[in-house]
Amino acid sequence: MSAADGIESAQGAADRPVLEARGIVKRFGHVEALRGADFAVHRGEVVALIGDNGAGKSTLIKVLSGAQPQDEGEILVNGRPERFGSPVDARRAGVETVYQDLSVADDLSVAANLYLGREIKRRGLPGLIGLLDKRAMRRGTAEALEQLGVRVPRVTTPIAMLSGGQRQSVAVARAVVWATSVVILDEPTAALGVVQTRRVLDVVDRARDAGMSVVLVSHNMPQVLEIADRVEVMRLGRRTARFRAAEVTTDDLVAAMTGALVTEPEEAALGGPLRRPVN
Amino acid sequence: GGVDVRDESGGGEGTTTDGPLELAVVPKAVGHEFWSTVQAGAECAAELAGDVTVEWDGVNAETDVEGQVNLIQNFVTQNVDGIVYAATDSAALAPATQNALDSGVPVAMIDSGTDPQPDEVPLYATDNRAGAAEAANLLADALGEGDHDVALIEFQPGSQTNTERVEGFTEGLSQHGNLNLVAQQPSLSDVNEARRVTEDILTANPDLAGIFAANEPSVLGAAQAVEAAGRTGEVVIIGWDAAPDEIAGLRDGQIAALVVQNPFRMGYFGVQNMVEHLREGTPMESADTGVTFVTPENIDSEEVKAVLEPSCDNPPVDQ
Amino acid sequence: MFPVSRSLRSDPPETTVTGMESPTGPRDRLRAWLREHLSYAVSEFTAATALVVLFIALSLASPHFLTADNLFNIGSQTAVIAIIAVAQTMIIITKGIDLSVGSVAALAGVVGAIVVRDLGFSVWEATVVAIGVGAAAGLVNGLLVASARLPPFIATLGMMSAGRGLVFIITGAVGVYSLPESFQLLGNGEIAGIPFAIVITAVVALAAGFLLSQSRFGQHVYAMGSNLEAARRAGIPVRRNLTAVYVLAGALVGLGGMVAASRVSSGQPNYGIGLELDVIAAAVIGGASLFGGQGRIAGTLIGAFLIALVRNGSVLLGINIHYQQVIVGLIIWAAVYFDQYRRRRLEARG
Amino acid sequence: MFPVSRSLRSDPPETTVTGMESPTGPRDRLRAWLREHLSYAVSEFTAATALVVLFIALSLASPHFLTADNLFNIGSQTAVIAIIAVAQTMIIITKGIDLSVGSVAALAGVVGAIVVRDLGFSVWEATVVAIGVGAAAGLVNGLLVASARLPPFIATLGMMSAGRGLVFIITGAVGVYSLPESFQLLGNGEIAGIPFAIVITAVVALAAGFLLSQSRFGQHVYAMGSNLEAARRAGIPVRRNLTAVYVLAGALVGLGGMVAASRVSSGQPNYGIGLELDVIAAAVIGGASLFGGQGRIAGTLIGAFLIALVRNGSVLLGINIHYQQVIVGLIIWAAVYFDQYRRRRLEARG
Amino acid sequence: MSAADGIESAQGAADRPVLEARGIVKRFGHVEALRGADFAVHRGEVVALIGDNGAGKSTLIKVLSGAQPQDEGEILVNGRPERFGSPVDARRAGVETVYQDLSVADDLSVAANLYLGREIKRRGLPGLIGLLDKRAMRRGTAEALEQLGVRVPRVTTPIAMLSGGQRQSVAVARAVVWATSVVILDEPTAALGVVQTRRVLDVVDRARDAGMSVVLVSHNMPQVLEIADRVEVMRLGRRTARFRAAEVTTDDLVAAMTGALVTEPEEAALGGPLRRPVN
């Protein structure tokens, strides 16, 4: 299970992607954010999803994590079509997501946000009637933040009072703590400091080593090339190129994002300048 | 004030009070001509008796029954010398009256009593039911022979006075087979709303011949709607209460007759009897404050004038 | 206990930064702890200050104020508003609003009275029925908000109108009378010398406060009001929870309606007109935000009693009825301004 | 014209990306343009659909409905609510709420009536006075919200109480009667056969709609409601503007109160109790959001007339008043649900 | 006017900073976000303000742009103390800011946001009564976005419907369009694509060439070293180090942010490890 089976296996049938999107269409009013987008990530693989602003990356992520239903197309988990009616379905499949808008509850504390929807209850009777073990959650939160090198005033501080980077750290911590199969990170380090960014990349590495899959959206090309096994490029709501990270340069990626380089046959058929993928 | 206990006289606990008196006078609600006249009567009696303070306080809507219960309770706590009030609801206020009596605060009711009404609590009021039944008769008289469509503008469904008048009127109507009640709408004691529903009733019932409107705002709104529709005179209005514009409407021929109570007398009797009871131990006895049917014919009579323009220069004679 | 995924558990952190503030010594830490907890206490106190000030002022101004009777009176008089304000607070925290509380309380009250009068139910059975009626109305509100996604203002405005209509249809617009003495238990009865209505209010407030601040459900209520989409994405069953809040609130409104009916020993079809403003005001004066995510039961109780004190006080002091309303307005402004001002100072200056 | 700083003006862009959508041909662009503008039209229509449906249903159900007289009646009856709903809409767009409209309308109405009766003012002068009274109340609301930073709910709740108290003090809780015939001009007069009240409503609605959608001030109103801090940071004088909105709204409420008084040719101290709910409902049914930043005058008018039609229709059809309330509730639910549903579909599917 | 006068001139009196902060203290409840922070930017200079998450950068920026009043300390404009009571004062002094939270009005269109508070009125009478020239604003917006290489569905689209990068682009466009003296950019490229980031950096360059001053907050060290003339480092609410960009490495910057390297005398006095600034 390594980066090596990237491109091939996406076509082959033997090794099914953990999570796959096929022909996703998503419209908002008269804006077509996704126009038949494809995507796949395999077990133990870090795939970077890149593309220009407004290319549709975050929209695709929301579809993949059940936060927004697609209008057309299908999602497959381990090769089986699944209907993600809500984020609960995706979470049940072990998919955790850091959304670009963070999706934290401003009035709630750092600890409450980290455990949102997964609160620890007290043992015994108090737990049965739903009482929270706030202490345990505070402790757990402090630990998780420590691992990411994050400092917040207190774990009981409401999220509204945090700095931009602190907020993002909480969102990232929450996802990596709970994921069991796939972690989707939509620009997870955009607001992070140097140290915290490093930590997140370390976590991604360790997640891969543990056999998990990671989807990373990022505009930081050096970061993408450093951490990803494969890169999928979106443009105007479609996947237009796929690369193995080891075999590509920043310039290639930029070319693909601006439409100068296309590897996907459908795109080529539509008249785009067809060039073979690097390799 | 100095409270001095002289164990004599037959009233209540057999105590009388010397010196200044503080009386709570509570209407069903504030904000209508009717209750202001009650207040004027109460203050007149207090002034004539001397050394009596009237605490005038009430809830904002006649439907706020619980608010009135609380208010009476607060006056008992404040330990006023006596309470004179009009019950928004006969059953709901009965415990409040009893509680006042138990705390040694005598009570007199005006306009509307409670059920049950303790023996020692008098009632100075009009018979709403009878008055409304008579309104039906007046309407029948004004319309004469033949079949006629009539409408009823009530004010606040679910409030007790409203219920009594509606029931009285419909009972009265049942005596007149030629009158056909084709519409019944509430004004919520709001003139604009009264005008609106009346306008719509007139639209829906082009043959409407008569209207009974059951209180001040209802009458005013109904009269305006009829006037605006250009049907003054064609549609007979029997009203209730005697706000200045109602009287003016009567004179102008917009309104055929008004059922008029004697709110001044209610306030006056309530306070006067309470003061006598407190100072001299006289037991308080109920009295019908009377209802007058005012028409263009009798409006300038002395008797009606006394009701319409009450004044403290010429206070009503007790009983 | 803390289910950290393997990827996080691997090696220990390299640096010593923690989830706690500044790298300072134990004394500093103690000071920080004290400052934090004191400031909470002060903030609680702040919300109550207006109440306390008013309380002292009234004690001085009227000899009748500070008596057991009067205080019990105030307690009983405020019971219904307080119970329903607790319900309203839960809904406001979810970023909702319930305009139908007056109509639903009236509906529950008249139904409770009717089953006693006509079906011979005991007062306890009637109370259960009233709570059920309230819960049913809450369920409709909840489904309209959570499933049909109507704005809460619209959903509950419709219920306000429809509920009142139902009351009138059921009662024929005539109060429900001739109830047995026992019907007055909830409103006028006593337990060990304490008015039953006060006991009910205390139990309701404690239970609701506990639920909101200590339970998982409560946590989710705040989360939904703070960011509904985030709550949904966090896997919270928002539809179900939101509906549950309206049902629970409805049940409390039903209970409140029954206490109100019991207090006046009759079912009043016009009960509760305008009640929604009183209870929303109590919640907002107590610190709840109509924009969701914020609000506490303790604050709401303070708000409810503040309003009650103003009313009680102006009667005791014999203030002219017309001036009373002006004074109520001024006091509402002053109380909230004072509270806001101190909160802001607290937040801005530490 | 476009004050681009020098740094931006230097060299031309290298690529051909534009501020417009997708790199497609002229035909596609035409299609996109059409789709966009059609969808706006449809969305406008959507908001009005419930109104139209109801209108047609009533025309079929009652022979009296579709008559000039009845339509003028509805127009005049709705005038006051519509005018005040326009005021409320402006405030709601700023993320505010005005509970005091009923009290302030009553205050303006009785003062307008009193100056005519006692000081011999003409109806025009009285109207100016009434507008001034409304504006003054609005100024107090505005200062409390913008400067004292009270939540609008609290600021206007206090004004609701204090304003009503003032009305009672001024009038002694007695209606102001014996007004000259001329006093009825605003409410009952006509211009070229059209009721004056309708003309006033139309003028107010047009002016307010224009102000909100076409003027800089209107732009700032939406901005403040959408993100007050962003508006402040963008250099918008938010305090002054917010205060101005309340003053302007107050002035309209004063005008509305005067029209109401004129319609019943008297100053009614109890006028407008519960009015706030009606006008907020009109705004919300018309698409305004209590969370600010959204709302349009056209929508509010539709909302006001929707409510008016339901009420007119149920009287015309002779529906029992108790059932009426249930029906009003159901129609409010249905109208908004329908509207929301179509909006969502429109947004989700294009 | 070049990068060369960086450090010296900050001490010298001759060339006064365009914008300077001295001893700024800012508290939120019991959190002290700024504990006596200093900062200075000169004419024609690009200064990067860096620091760990939660160091106080954004708080300082808000004080500098009048968005939040400080509790203690003073702001000087061209050497004269100024009281920035509101953002209007700062704008009047020619200071424009891109806030980290973007500060856009979600319900308003792209064009309305770009011109927020500076709407173009119609000519003549309509203008006098406040009527907007919406057409001119739409045109201007399209131009401005074009220059930044930004694509949005339409300039009339409400901001709420934009992607993260598109939103940020609007905020950046607004600031650079209106600034005349100082542009403050708080992590302006965090969500931007490669091309858009490049454009923003170009704009910064051109602004400097035009004699304007730029304050740039960023966690991207290569970017900082590429574009900035000087770097000021914040840590725990204070300035702890200053460098000339040309004479420093990424490692030095990271060391300064984590507290391993301190150049400010006050900090040293407090017991921090004092090391001379590189050079």
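When the chains are written out, they are named A, B, C, D and E in that same order, and each has its own residue count from 1.
Convention: contacts are C-beta pairs under 8 Å (C-beta built on N, C-alpha and C of every residue); 3 or more make two chains touch, one makes a residue touch a chain.
Chains and their UniProt names: A, E = Simple sugar transport system ATP-binding protein; C, D = Ribose transport system permease protein.
Predicted, not measured: the structure shown is a model, and the values here were computed from it.
J.: Could you give the fewest steps needed to travel from chain A to chain B through chains in contact?
T.: Minimum number of steps from chain A to chain B: 2.
J.: Starting at chain B, figure out the least number of steps needed to reach chain D through touching chains.
T.: 1
J.: B-C versus A-C: which interface comes out with more C-beta contact pairs?
T.: A-C
J.: Find the geometric centre of each of chain D and chain E from their Cα atoms only, then give the gap between the two centres in Å, rounded to an integer.
T.: Chain centroid spacing, chain D to chain E, equals 41 Å.
J.: When the C-alpha atoms of chain C and chain D are each averaged to a single point, how far apart are the two points in Å?
T.: Here the centre of chain D sits 31 Å away from the centre of chain C.
J.: I'd like to verify one number: the distance from the centre of chain C to the centre of chain E, where each centre is the average of its C-alpha atoms, in whole angstrom.
T.: Result: the chain centres lie 45 Å from each other.
J.: Identify all positions of chain B at which a residue touches two or more other chains, and write them in rising order.
T.: Correct list: 30, 61, 157.
J.: Which residue numbers or ranges of chain D touch two or more of the other chains?
T.: 15, 21, 36, 164, 168, 173, 273, 321-322
J.: Where in chain A do residues touch at least two different other chains?
T.: Correct list: 28, 31, 150-153, 195, 258.
J.: Enumerate the contact residues on chain E facing chain A in the complex.
T.: 28, 31, 51-54, 57-58, 100-101, 150-153, 157, 161-166, 169, 187, 190-197, 219-222, 253-254, 257-258
J.: Considering only the defined contacts, which chain D positions touch chain C in the complex?
T.: These residues of chain D touch chain C: 95, 97, 99, 144, 148-151, 153-155, 157-166, 168-169, 173, 273-274, 277, 280-281, 284-285, 289-291, 321-330, 332-333, 336-337, 340, 344.
J.: Which residues, counting only chain E, touch chain D once they are in their complex?
T.: These residues of chain E touch chain D: 65, 67, 86-88, 91, 97, 99, 102-108, 110, 112, 116-121, 129-132, 136, 139-147, 149-155, 176-180, 195, 203, 206-207, 209-210, 212.
J.: Per the contact definition, I'd like the list of chain C residues that touch chain A in the complex.
T.: Residues 1-8, 10, 13, 15, 17-21, 36, 214-217, 219-220, 222-223, 225-227, 229-237, 292-294 of chain C touch chain A in their complex.
J.: Which chain B residues qualify as touching chain C in the complex?
T.: 22, 30, 55-58, 61, 63-66, 69-71, 73-75, 77-79, 89-95, 115, 156-160, 163
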